[in-house]
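Got a structure for you, questions after.
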């Protein structure tokens, strides 16, 4: 039987990878991919806890994950639209160049 | 040394490709696509350089000449009768009408008049050619729209019957070389008239089937109505002729205008469209097929007997006295004309063919601007070009 | 001893049980005398083997039927040189595909170019595991079967993109963009028309949906969903979206060969092209399998006294009818243009699907009314919606056959 | 069961790392999809069937195409220039991330969690549907509203200026 | 109604599909090697030389007058007349080549030939391995007996034979009538009127 801790460690690792990617990569889309990874790491935690400690409210974990997936999809859509708009303005998606607040 | 563009592993890219590898010089969203010369839907070796903005066409440059065989220069070196077989190779769908146009031009040059029976045979063969050419055109157009060849197969099934008639008459299905200056080469073999009457009798049934496949079809209407509109003024200015011109509403049919051959004896009507788009061109051709059937029934009914070649016609060292002549007929694709200048020698001084396909093609860009790639194919199909005639 | 047991129980099993159990019982006898832990693995392996064998053979037969059917529509015999009446033509095609050189363009992205066909075919194979083929013959009885089917089906868009992008060729990129836009916009009417059936049956599991379609009204008309007004409209919307989803006939724009060579398949040849070809056919089988399960009563016999026929024969019979309709459409209809395709999906199919859900709700809450009146009201609503839609869609484009005048 | 968990866990970690480190963007998206698909497999392993399929449907089906379209629209799919992959201050970023994961893992290992319930609680589609419609109706409508707002917003932002009007 | 046109089209293809099983007009394919379409009598492919009697050399009707070589539009005929011991031109060809890769079977040589020596064949299965030597037909390959000509173009052959017989009889008469005066061979009317049927 896989202990709950294994799942938690796995999700922490995934979260760490996502965070490292989001912080270090230059390309805006890569940052977005990093954020996606972090979101999914959180979902993994919810399902792990739901599986091992359902507690009084049995389906809470599953519900949370469903809503979080829906919102993450919406967020990805808006994020990418932003990137396209910024690209149209700056002609590049390299984050280092996007330092001026003007325009 | 030209500094080659290298891909990320450092390997030099083949020459043609670096243009797409690096950021293209043009504004980023324009896409340069060249359709042809061996593109599945260009009816032969014909290329179109299309500049696309997303899906819509912004510039279209037709490029032809891949099938140029120097027909007119060769004709200046061969005898008059020698270039008659070459006229079969102009518009290889309608060799009978090509022959007739050339024979008409030479007859005008020399002043020969073919006997009545020959005139009737010429009208019968010309109208049969018009039937099979229009049937094939509609078939190819639907093939371009994606109907997987079914209408094309039906059209070819009917065309075979007509080609059998030509084979038993002139000896070859497509390269007939049948007309001579002042008449025809061979008289009708026995039983030919009955077979022709039978073919003409059950052609309307095929036409009804074809219309059942076409007229009401919503997808076809959506794909062709309002596409490739050709205005009357542009059609007349660009000297477009044939079904394309009549689809734009201009009443100009050389058979009615010139009244060459015995056409004035037959009553047939000239259908006219009023939108001038692809749908009209399609329908005009279907209606013209019905008119041709009427002419054929009348001609086959009262064809006289008698000689088929004017006795004064000469075959070898035929030297027409110096002068010039322009003979034109209503070929299935438009007004096909031959302009000859003779200097009294055995071969013409100047031999010029007025190719309807080429002249109808010059306005392809004006019709295609603003449409999508799929429409360009449909518009090209509705213009009905044959590269043999375009490139000569 | 076990061998003797096997022999004795074989006849008993064959004769008594009706043919559906015959297959299931056969599998159980093989599995039950295997060592414990291996039982689950072996039984699933058997199912997988059977699925691949059946649909592989069906793919071979389908290519032959397609070419002969198209031929017959066009008044020609279709392939009849290889084997009697061209029966061995699929073998010849398979050998040809294996022998042909597999050209990978130099500038192509080799890994993605190689993976694309696999990512296209694998999900469709997964989709087969959920459809109930016979009485007990459902590979996996998931209680969220429909959701699984669409979840797996959605992966094919990614595969199409990989195929189009990896070739680094203008035409394939254009074709891939078109294919993805088409698949996404036709997925919504597909899912919505499935929602009506799921809503009326009350369960996402395909087995229950088929079970709900058992029985017969007045003893003759089978209780299939297609005979309810909302079922018929749902079936029409589902089929149109299914044809678009599997890139067939009027919607085969991605490989619109007359415009952009072969769309996202331009850069593929040899075995990878065959795998794509197979993927398209499997997609067609899967989507028509789902249509049969949802609307045509899965493996139920159309008439009560035909019950003795083994149930999977009904399923595959209906599948062949669907196959013939696909071929028939491919032989007749010209192709729609890209923007018309999109308009048709968003402005015509989507409203129809939503209205259909409304009608299904009305059908549900008028359970009390006498049968024919209820049927009439819902049918009327759908016809009204259909006519209103036609008016707006056609009027906006004034598409109508024209009459022509003749010169004086 | 043991072997399944370790294979999927390895896939997730490798996929995540590759998604972050690979040079070409389209490859990064494909590796992301490998991670998310194996995550969905993990959900199925844990017994949450509905969530697993929803995850595949939403992520592998829709978000992948979304990101890929974004990549194509911003012309990133051209040959990646040789340039540096990471921003100059990448060391700092990775350091912070390492620190964060370190504390997380340390606290997880140190905590004492009572052994969980052996059999997975029932999560059939019917109960989820029941719950969604009774207890979680408000969040459901809110998410619906949010998604439509996000869609309209995305469309307007991505619309070219001249058409915005 | 929205789908009406499409349904009409579908009914049309269905009629053809089921028609192809029972109505021969809707199933037109002829399996070529096994079944063959009977060639029309006027069908023409590449030319061949006709010879009377048995001997292919002497019986050739061709008198090497080179009219066809001059008139042939693609110039694909090559004739070298025979010369006897002391260089005097003879009335039959030593070399008569037709390059059938250039010949477009336009049949003008048959029309201009005053001696009905060259006629159009109906043999169309001519695929060969080598593009050059096999496609250059020499006198031996071209020569075919007169009864072969009767087999492929019966009506035309009988007319030609009747014409030749009449001329031969006319020539014999003139020779007999004129007695000593050397009668030059009768000249044919330049055009070849071949009224058929």
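The letters A, B, C, D and E name the chains in turn, as written, and every chain counts its residues from 1.
The working rule: contacts are C-beta pairs under 8 Å (C-beta built on N, C-alpha and C of every residue); 3 or more make two chains touch, one makes a residue touch a chain.
Fair warning: this is a prediction, and the values are worked out from it, not measured in the lab.
Trainee: Please report the smallest number of touch steps linking chain A to chain E.
Mentor: The least step count works out to 3.
Trainee: Looking at the contacts, which chains touch chain B and chain D alike?
Mentor: Touching chain B and chain D alike, sorted by label: C.
Trainee: Hey, which chain ends up farthest from chain E, C-alpha centres compared?
Mentor: Farthest chain from chain E, going by C-alpha centroids: A.
Trainee: Using CA atom means as chain centres, which chain is nearest the centre of all the protein shown?
Mentor: Smallest centre-to-centre distance to the global C-alpha mean: chain C.
Trainee: Of every pair of chains, which is linked by the largest number of C-beta contacts?
Mentor: A-D
Trainee: How many Å are there between the centre of chain A and the centre of chain C, using C-alpha atoms for each centre?
Mentor: Their C-alpha centroids are separated by 35 Å.
Trainee: Between chain A and chain B, what is the separation of their C-alpha centroids in Å?
Mentor: A distance of 63 Å separates the two centres.
Trainee: Using the average of all C-alpha atoms in each chain as its centre, how far is it in Å between chain A and chain D?
Mentor: Here the centre of chain D sits 6 Å away from the centre of chain A.
Trainee: Measure off the straight-line distance from the CA centroid of chain B to the CA centroid of chain E, and report it in whole Å.
Mentor: Using C-alpha averages as centres, the distance is 30 Å.
Trainee: Specify, in ascending order, the residues of chain D that touch 2 or more different other chains.
Mentor: 50, 54, 62, 75
Trainee: Quick one: which residues in chain B touch 2 or more of the other chains?
Mentor: 7, 21, 150, 154, 157, 213, 215-221
Trainee: Mind pulling the residue numbers of chain A that touch at least two other chains?
Mentor: none
Trainee: Name, in rising order, each residue of chain E that touches chain C in their complex.
Mentor: Result: residues 1-2, 5-6, 9-10, 12-14, 16-17, 19-21, 26-29, 31 of chain E touch chain C.
Trainee: Per the contact definition, I'd like the list of chain C residues that touch chain B in the complex.
Mentor: 70, 73-76, 106-107, 168, 170-171, 174, 249-250, 252-253, 256-261, 330-340, 394, 397-402, 404-408
Trainee: If we count contacts the way the header does, which residues on chain D are in touch with chain A in the complex?
Mentor: 1-2, 5, 9, 12-13, 16-17, 19-20, 25, 28-29, 32, 35-36, 39, 42-43, 46-48, 50-51, 54-55, 58-59, 62-63, 66-67, 69-71, 73-76, 84-90, 92-94, 96-98, 100-101, 104-105, 108-109, 113-118, 120-123, 127-128, 131-132, 136, 139, 143, 146-147, 150-151, 153-155, 157-158, 160-161
Trainee: Quick one: in the complex, what on chain C touches chain D?
Mentor: 109, 111-112, 115, 142-144, 147-148, 150-152, 154-155, 157-158, 161-162, 165, 180, 184, 203-205
Trainee: Can you list the chain E residues touching chain B in their complex?
Mentor: On the chain E side, the touching residues are 2-6, 8-9, 11-13, 15-16, 28, 40-44, 67, 71, 73, 104-108, 111-112, 120, 190-191, 193-197.
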